[in-house]
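Read through the structures below before going on.
Both of the next two complexes hold subunit A, though its partner changes from subunit B to subunit C.
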Partner chain A sequence: MAALLPPLGLATPWLLWLLPLALLPLLLSVTRRSAVSSVAAAPEDPLSSGLRIALTAAGMLAIGGLVLALAGPYRAGERVTRTGIGAQISMLIDRSGSMNETFAGRQPSGAEESKAAASRRILRDFVGERAHDQFAVTAFSTAPMLVVPMTDRHDAVRAAVAAIDRPGLDYTNVARGLGMALSQFGAGTPGVSRALLLVSDGAAVIDPRIQAQLRAEFTKVQPNLYWLFLRTKGSPSITDKPAGEDTPQAAPERHLDLFFRSLGVPYRAFEAEGADAVANAVRQIEALERDPIPYTEERPRRDLTGWAYALAALGLLLLVLAKLAETDFVRTSARASSKRPADPAPANGQAAAVSKRAAA
Partner chain B sequence: MSGPEDGVNDEADIIYLPRWRLDGYRVGVHRGRDAGGLGTFRDQVSFLRLPDARRIDLRASLRDPFEGVFVRRFEARSPVETYALVDLSASMRFRGRADRRELAGTFCTTLARSATRIGDGFGLIACDNTLRDDLTLPATRHRAAAQAAAARLSEATCEGRGAEGLLEAARRLTGRPKLIFLVSDFRWPEALIEQVFLALALHDVTPVLLADSSEDEGLPNWGLVELDDLEGAGRRLVFLRPSLRRRWIAREAGRVERLRRICAPFARPPFRLADRFDAEALSRHLMTT
Partner chain C sequence: MSVWAELPFAKNLRDRRFQALAAALLLAALAIVVPPLPLTRSGVSVLAVVDITGSMNVRDYASGGRPASRLDTVKAALRHLLPELPCGSRLALALFTERRPFLLFAPVEVCADFAPLDGAIAALDWRMAWEGDSRISSGLHRAVAMAGELDTDLLFITDGQETPPLPANGIPPFEGRAGAVRGLIVGAGGYSLSPIPKFNDRGRETGFYAETDVQQENRFGPPPADAESREGYNPRNAPFGGAAARGEEHLSSVREPHLKALAAQTGLAYAHLDGPDLRAPLLAAATPRPVPGRLDPRPFLGAAALALVLAVFLAGALRARFTLFTPSRMS
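Take a look at the complex of A and B:
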């Protein structure tokens, strides 16, 4: 019901006290009155009675519309919650120095693009492909950086994504980044599909104590976890077992993967060794995240004065047409009155004066 | 003024002839029932019946084989009383091509002049719902008084909503038959029209139907007109168009026809007084009906 009847308001409500003026056409009419000896002389005519009602309504519409327009009606702005297809996606993007390199592990030169630039290009297309996705962007190197909180303003998100190919700094501290990316989801509504997209080209050891905290966080938020691993050519894969000791220090990627698998949340890792592979991985993620999501739409306050004026104009137009169609009952009254002489009232008896006036 | 251009002679008198032989001892101009005095030859009677030696008809006396003496008799001339019964209900305020009240005033003035000039009495009774005593004038041969009373009519106020006073007026018009002109627009209920004519049946009644060409033939073909009833029957918006105009005119003609039918047993046919009073036209009407 609330959706059917949007909240209406008035800029200057006291002007509505003038609204009873709209009843005036019931008492007065727009047309000139012609006095006749008997209205019964006119035959019954449904068209005329219909016109009378229409003109009265037009008069009421004109006055009412003008009063209403002066009062300034508007439909109040509101937030409308709707359901669309999309997900809350928290992007966690690696800003460590190695992201500046190409997939071949070199500084980019010529037509080559760095890992950061490639992921920027692909992620930028990803953002905004579906209207109702919500995004948060977090960057991390040594410390996490909140770039954009969870929002459906895709322009802001795209701008944030566009900034990720700025030269990166320092190291890869996944643990704190993950913590912040998880906190981006907030309390949120249940039933919303949540995805955490980690884009990184390396991994780091996660302290066991922090591991426990992260585990708890993941259990609470229950996001789908996607790891887009931008693998430099020649570097170890996620699944490669190191030749020596299998410790987190020796193969941080493999152990991060193992940690993710142990979280008990839906998890997929994409290992990309080039821009095409990254694009492919992003498409897959997009296809996976297809759940209904409630989103709020901000509907601005809308001025309805124009409509009120339009109604008044319609009424006035009808009245003007009626006025133009109006005619005099006695059409020759002007001629007759001009012929009536200015009686000089002759002194030779009242009878002569009377007969003269009568003759006119 | 406008006299020559439309062929109406403003100075003309209304010429009327009573339908019956008048009686009475006063001298007038109409044919009386009695014999006497000077005038038109009527018949010859025996001297024994009318011993008036001045009027012995020698030729008739000599012609009589029985040697009787004959005396000529002449018709007595008697006056008749004319009355104008004027409906002063609010609808008389109508102004079309002509002011209806002024039209009635003109008619009464002319009648007063025509009647008093030949020694007939002129009386005026104005009515709306009741008798309007301020305007009523008993029949008089006093020329100035008759003119003044008729002239007062043009300035009279018309506020009444009906014409029932005419019944009361008819009760006042007792005595000898009179020549009565019933001046009204006859926009009354038909029952009232019939009652009034019935009440006046004793007299020689000429209904003078006040009309206006703007009410029928002069209606515009197209246009929006808001009618406001002078007798308070409300307002009505009418969208005039040729078909409605035809219906309107037919309706008005039907009304006049009904009036003619109602008054046929009691009175002369109605005289339509529209836009301008033409005394000669009324005279012709009175002569031919």
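Take a look at the complex of A and C:
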């Protein structure tokens, strides 16, 4: 039953304590009083009692309506789940110090753009390009930092992306960052496209113990993994084999890539050596992540105050008309009533009730 | 119909109660059609910097009858503050540890983006710290500069415990202009000393810091003035005296004198965090910024209409009382 009724509410419910004032018209009338020696002298008159009831009701409606309007009635907002095109994207952004250098590995000077500034500019355009994408932002250096949890409020995500070209911290500890970025997906709904976007300019050795944990997490969450590797000119590529021993310590980028390949989730690495390459990679990711996603739409609450004022205005209108048509109990009406003895007095209960007395 | 012609319209129109009812009707009708009035309210734009160093894990607050850590209390206070700020206010969030603030996100509007803001504050954790030092003075100076860059006021929440302790020559000089950025330093923590929890490298609590676990005296820079009177003092080999420093740096309380000195140095206000209310001290210290607001005039119209209608009904009762035995009006 409750489900059928639209949920109603009041903005300031305590004002309803004034509602008993609406009983006032039962005791008092807005019309002028006339002294009558005996009301019993007048016969029962259905029209008069009808008018009296109508005027009392109008008074109650006016007061009750105004009190209700002051309390601010509304119909509560709803959350409607719809389906759009988009994905849940957990961004994991490297905030280590080297991100503040240019792609050439120098401190930016003049018109040069640091890696962080370039990714900030491009990711900012990426966020909000599609209305139903959801984003979470995690930053990492030595420790992972949850910046913004999974949300569809793109303004907040853009504010988080805006902060990524501030001076970075110490090291690149990617393993714990991955763990936190994965935890952003939550239980979620099945069938939603999930993407983990790692933006970094370096890699680090992942502790074998943590490797096993991460592997289990990736299997559970099953995200699409994208690694946007901002390569500094002259530094080893993902695919380069080191000249000497091929260990994770010697070539962390290559081994992180190998680890990602071994996870069994859809994985793509983009190696970008400049801002254009970054923009190109982001466009490709956007094109790949095109799946239906359920999203909730908030239907705002509907204000019903206007209707309460309309009710009050209706009651007031009746009272005003009654006051306008009010007639006094005047002696000269003896002449009028002798002409039309059966004529009921106009729109005023009291006047009608006592009209007979004039003849007496 | 002649009935209408006989009604005493002129008299009815002069009737005060008719006029009052007509005015009430007009007000109610106006309330149906009138749109909200645009107006400018004052909001705030704040960079909140939260200290997440180890001493913020001290449990010297209580929440629901159980001990609560300073960081948890600060988070609760910030989450309590968020819905109390006027819509249009903006909040940026930064962490503090080591010697500088780390900006998590640029200023965000507090009403429309409430959910992510609330989630981000709830997720603050001491494990986000990238280093263990807690050089509050440098952190505050840089936070003031950051707030200046973002064009916001500053809300710096800390317990004031410097790790390592300040050198003998005191607070480092402030390079900015005092008072150029307005804001508030909030001191978190109790006034009595409490032990600081210790965590292992997997983040599990393993006890409390002991006296020998932490640096008790900063022995960089020139020695203090009283060093010569110390046991075993030697100007070249033991300028700080011969004994290991002893002290209470392994225990923590809110360092109010230090924070007040920092507030005076940087031109900020100071408030102690007692319970969840941050709103009043923040609004007092922050620059009011104009934010667009809307004023709904309907409650005023409705209240006036209600007063008029009630007056009309009650006036009838009063007049009847006074004229009960004076039927002269009829004649």
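Keep this in mind: the second predicted complex is superposed on the first by the 228 of 360 C-alpha atoms of A that agree within 3 Å, B and C clash if a C-alpha of one lies under 4 Å from a C-alpha of the other, contacts with A are read in each partner's own complex, and residues count from 1 in each chain.
FYI, a contact is a pair of C-beta atoms (placed from the backbone, for glycine too) under 8 Å apart; a residue touches a chain by one contact, two chains touch by 3 or more.
Keep in mind that this is a model prediction, so the values were computed, not measured.
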Original post:
Of the two partner chains, subunit B (first) and subunit C (second), which one does A:A131 touch, if any: first, second, both, or neither?
Top reply: neither
**OP:** Based on the superposed arrangement, let me know which partner A:A76 touches: subunit B (first), subunit C (second), both, or neither?
**Re:** neither
Original post:
Which partner does A:S29 reach: the first (subunit B), the second (subunit C), both, or neither?
Top reply: both
Original post:
Is A:A57 in contact with subunit B, with subunit C, with both, or with neither (first, second, both, neither)?
Top reply: neither
**OP:** Please work out whether A:A42 is in contact with subunit B alone, subunit C alone, both, or neither, and reply first, second, both or neither.
**Re:** first
**OP:** Could you tell me if A:A212 is touching subunit B, subunit C, both of them or neither one (first, second, both, neither)?
**Re:** neither
**OP:** Based on the superposed arrangement, let me know which partner A:A325 touches: subunit B (first), subunit C (second), both, or neither?
**Re:** both
Subject >> Partner touching more residues of subunit A, whether subunit B or subunit C >> reply: C
Subject >> Set intersection of subunit A contacts, subunit C complex versus subunit B complex >> reply: 29, 31-35, 325-331, 336
Original post:
Which part of subunit B faces subunit A closely enough to touch in the complex?
Top reply: 1-3, 8, 10-11, 91-98, 100, 102-103, 105-106, 109-110, 113, 147-148, 150-151, 154, 185, 187, 212, 214-215, 218-220, 222-231, 233-240, 244, 247-248, 251-252, 255, 277
**OP:** Name, in rising order, each residue of subunit A that touches subunit B in their complex.
**Re:** 29, 31-43, 45, 47-49, 51-52, 55, 322, 325-333, 336, 339, 341, 349-351, 354-360
**OP:** Sort out for me which residues of subunit A touch subunit C in the complex.
**Re:** 18, 21, 24-25, 27-35, 59, 62-63, 65-67, 69-70, 72, 95, 137, 139, 141-149, 151, 153, 155-157, 159-160, 162-163, 166-167, 169-170, 305-306, 309-310, 312-313, 316-317, 319-320, 323-331, 336, 343, 346
**OP:** Report the residues of subunit C in contact with subunit A in the complex, numbered from low to high.
**Re:** 3-4, 6-9, 11-13, 15, 17-18, 21-22, 24-25, 28-29, 31-32, 92, 95, 100, 102-109, 112-113, 115-117, 119-120, 123, 125, 127-131, 298-299, 302-303, 305-306, 309-310, 312-314, 316-317, 319-320, 323, 327, 329-331
